[in-house]
Amino acid sequence: MARLKKDHFNDFGLGEKSPSSGYRAVNKDGSFNIVKTNIPFFERLNFFHALVTMKWTHFFGLILLGYFVVNFFFATIYYIIGVENLTGTRGMGPFEQFMEAFFFSAQTITTLGYGRVAPLGLPANIVAATESLLGLLSFALATGLLYGRFSKPSSRIRYSEKAVIAPYKNINGFMFRIANPQKNQLLEVETNVSVSMKRKGSDLRNFHVLELERKRVVFFPSMWTVVHPIDSKSPLLGIDLNDLNEKDAEFIVSLKAFDESSGQMVYSRSSYKPNEIEWGQKFVYVAYQENGKTFIDVSRINETEDAILN
Amino acid sequence: MARLKKDHFNDFGLGEKSPSSGYRAVNKDGSFNIVKTNIPFFERLNFFHALVTMKWTHFFGLILLGYFVVNFFFATIYYIIGVENLTGTRGMGPFEQFMEAFFFSAQTITTLGYGRVAPLGLPANIVAATESLLGLLSFALATGLLYGRFSKPSSRIRYSEKAVIAPYKNINGFMFRIANPQKNQLLEVETNVSVSMKRKGSDLRNFHVLELERKRVVFFPSMWTVVHPIDSKSPLLGIDLNDLNEKDAEFIVSLKAFDESSGQMVYSRSSYKPNEIEWGQKFVYVAYQENGKTFIDVSRINETEDAILN
Amino acid sequence: MARLKKDHFNDFGLGEKSPSSGYRAVNKDGSFNIVKTNIPFFERLNFFHALVTMKWTHFFGLILLGYFVVNFFFATIYYIIGVENLTGTRGMGPFEQFMEAFFFSAQTITTLGYGRVAPLGLPANIVAATESLLGLLSFALATGLLYGRFSKPSSRIRYSEKAVIAPYKNINGFMFRIANPQKNQLLEVETNVSVSMKRKGSDLRNFHVLELERKRVVFFPSMWTVVHPIDSKSPLLGIDLNDLNEKDAEFIVSLKAFDESSGQMVYSRSSYKPNEIEWGQKFVYVAYQENGKTFIDVSRINETEDAILN
Amino acid sequence: MARLKKDHFNDFGLGEKSPSSGYRAVNKDGSFNIVKTNIPFFERLNFFHALVTMKWTHFFGLILLGYFVVNFFFATIYYIIGVENLTGTRGMGPFEQFMEAFFFSAQTITTLGYGRVAPLGLPANIVAATESLLGLLSFALATGLLYGRFSKPSSRIRYSEKAVIAPYKNINGFMFRIANPQKNQLLEVETNVSVSMKRKGSDLRNFHVLELERKRVVFFPSMWTVVHPIDSKSPLLGIDLNDLNEKDAEFIVSLKAFDESSGQMVYSRSSYKPNEIEWGQKFVYVAYQENGKTFIDVSRINETEDAILN
């Protein structure tokens, strides 16, 4: 039956069943609460994605580790070939000799090549020529990765911590606020809001796309209060906070914009659960003008005041 | 006549005639079964495409080969100029001298420059200065290619091996399943499915776009069962497996999505032939919930069970 | 009331209130006259955006400064370890020794490595190996940033300094001219023009999207006169220059195009205030033909002549 | 009057007036026959565009020239500082000394640094440290440019040399053929065709968008015959070759596609003048099948045969 309401149905690709109460499909930070299991390692593997999205500390840690391991590996080879095939080495004992080989390797892989120590004879020269090629290719890769990491548009959209049910014209509306804390301009910002609610006495969930007062803005230089008017067509009509709790509602926000500085589309997601919705509150106006400029106090994004609902 | 059914006709750019039976326009891996011939080499040539799409083993093999050939070439030049124009060479015989020239070349093209061997006099210096410039440009190119290869979004969408004809509401549907095995999020996923069938007693083929229950999902964090309902408007209405075989049907799937980690659009294709379609089977539900998270067992993507068709 | 005219209302994300007269939301150069305050430093921070959009002189100044500071830092470390751990140093006094350490550091971080001075012993070698790795990563980053800066499509669209109210067919029109002074082709150029005007006796502003004679051109090889016909549906109908001044009108122009040479979308903005609008002027035709070619004199983009309004 | 036919009017941004006969707005190779004049040099300048679109021979010539000039410049500085501040120089006369300085500069800017010659003392060291930094930044830039040049999708679409007027169903059609000679897949290919014709006894031109049998294909693996049916709504209805000549018609083709290997949109343009249109010819079918594969003989793209027009 519910299936027939095809126009009102859109599961956003999140799946239909979610029996447990207090379930959240989209986390506050926009990640999905969904785990894909039993995927073979090599099918799941995506080096680029992993290396571009890992934390900076992990990324540099990995590079340092790789640098050490590769130099250790090549030092061993030079040591086996014999340090007498490296001119200028001064170490006497095995440890000093290995160290000379190790730092010779470091000077080779970075193409530093001081030359105090230099390879002599075919085997040492072949290894050194190979190592320097490997070094150049590795740092070529690192260059690409660093660019990929750095240029990845980081759409750190800030969402108000709570959504509100506030008066809107002569009805009420579901509202939350967003701001772009960064200097890069976001253009053609489009917002989608949907709500998923458990069906009565069932594990299944209904998904409803919420109509917005304004779905899209051309510019986004300041702050935007996104409004869903609770009119006669709204799935929220006549619902109160108890109902939302009972239906284990989840409001899923999805935002898409063009980032002018990177020239790329950026996406952002967040969600609101019933305990993050204030009834009978409205957002405070946070702009003021001085010297012909408009100032927006972004730190007040969460500020609300009492409001009498219609 | 068939031409007049313009709305139902869309050859997707695949061409109309395909007389032989068992023909497949789109292979399982998404490549096209079409060969373009008699194109002049330089018009067909696309270095970037070739170097970015070739296998990693071929790519590194090519770089190694190029490194060897270029060093051999420059070693020959240094040898002709005379190894006495390289300071510090220790080789006596022609082979040793050539080897010194060869590894001097390697140390020059990688800008390693140990300096044990160094150029002296105008000719050797000119060659070395040119070679180091060439080296830098070559590795600049390699940097770009490695980035191009690495950042290319690899949309390894997994399609269920078989499609099924399963009950759907009070009718039946043509269904297959897809999953994204990787961690990168695919957004705004759009699917197109069409079927091409031989006309009775003719070499020509008709193409039909199949209407889908849902053509587009905003998120794609888990698994998606794509459904074409076989309703009164479906070109599959009243057709059985024998008909599909006789008409040499081919179901062509085309998928398009935004890859969040690379910031690029990705495309994927696949196809189903009659022997890859199960009648009266339906896909098994593979999600379960634990600790407020949803788990999707991707390894069960192909799992079906018997179902009674309407 | 005004709120109800939803179709005519679009604040473009610029906010509604702007009490002071002579206010400008979008500056001539396309930047926004809006300041976001009280954002924590690390939330506001966007290294890539900052480094890609700063002036070239600042960018190179920063790199030079960083180069000096890092070398000073490493020179201090080598000096503390003791210059006797660097072979080949010739300086005697502390200043000369520090200088040797400083330039040894420069030779290490750039992977130049002449080798006249070279590290000896564990501590100096560890520092040098670390410094050369740091150098490679830094220059990898600089490579990416330079590419990012260079490839950023600079849509230096030239707008006519003034807009005009000129006769158009049997009515009048609001017109301005744009040209692309550069050689890169802009394709699929789309223009949006809106006007914001203060409401009578109120701090609030109304925003109106202006209908254009042509909103979009496929090619943009020459000059384009953008025309808003002041017909019966225009919010400018019956308005004169005094009204525009009183309502503190602002015409906001937003342009979007595909830049063929960079393969990216480019955006451009500008605005016109009442003192930048000429009544009863029209733009002069600036194209001429010679030898089958059309010539456009871009320097005459601002040239107007008297015209009798309808 | 003509202005009122707004729906049929679309000048594609090419300008309206083109008095001379035999005029061509878009050349066969897709460039525009339009010259923008009197643009100040620095406004016109777009380094990235220039360096990315110039010929490979020019690009490498420029790099070689720059390499020579910069080394000559630094050699002069080292020579002025005094070659005695470079250790290991062996030249005696001024020319030999300058050469030593020149190649020392080359070894410094490429960060080769053999070390046979090395800087000594503050002035030489400062210059060398600066030069090596400059070298790294220059090659960083070259890396970006090479990547930009290489990754720029080169949509070398091949258009049939002539268009034809051929029978189409029970009417006739204006047709031409296109093929993608390269291995990279073009997806979602969209074609626009318009015709510009001089008005009778006027310098002005009318532009008409031509309706196409199929405007868009999802795949483009082989060859595509683009067809404009000359039906009752076509601006070509009842026109013959003489009329086309008299009206100095120009058919402008514009094509847009997604290039799968580069992940970018590519654009291509071409045009047909009356002398490039064959009346009463039709394109020959150039596909054949072998071993379940379809072969397309691209070299026969221009092949036509006589056809009786309706």
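Letters A, B, C and D mark the chains as written, and numbering starts fresh at 1 in each.
Just so it is clear, contacts are C-beta pairs under 8 Å (C-beta built on N, C-alpha and C of every residue); 3 or more make two chains touch, one makes a residue touch a chain.
Every value quoted in this text rests on a predicted model; they were computed, and no experiment measured them.
A.B. asks: Report the chain whose CA-based centre is farthest from the CA-based centre of chain D.
C.D. replies: Farthest chain from chain D, going by C-alpha centroids: A.
A.B. asks: Pick out whichever of the two, B-D or B-C, is joined by more C-beta pairs in contact.
C.D. replies: Higher C-beta contact count between the two pairs: B-D.
A.B. asks: Express in whole angstrom the distance between the two chain centres, defined as the mean CA positions of chain B and chain C.
C.D. replies: Inter-chain centre distance comes to 37 Å.
A.B. asks: From the C-alpha centre of chain B to that of chain D, how far is it in Å?
C.D. replies: Taking the mean C-alpha position of each chain, the two centres sit 26 Å apart.
A.B. asks: Residues touching two or more other chains, restricted to chain A: which are they?
C.D. replies: Only 111-115, 143-144, 147, 262 qualify.
A.B. asks: Which residues of chain A touch chain D in the complex?
C.D. replies: Interface residues on chain A, with respect to chain D: 111, 113-115, 143.
A.B. asks: Quick one: in the complex, what on chain C touches chain A?
C.D. replies: 3, 6, 10-15, 17-20, 22-25, 32-40, 43-50, 52-53, 87, 108, 111-115, 118-120, 122, 125, 128-129, 132-133, 135-137, 140-141, 143-145, 147-148, 152-153, 192, 254, 262, 264-265, 267
A.B. asks: Which residues of chain C touch chain D once you look at their complex with the stated criterion?
C.D. replies: Chain C residues touching chain D: 63-64, 67, 71, 90, 99, 103, 106-107, 110-116, 139, 142-144, 146-147, 150-151, 154, 156, 158, 169, 179, 181-185, 187, 189, 213-214, 217-224, 258, 260-263, 285, 287, 289, 292-300.
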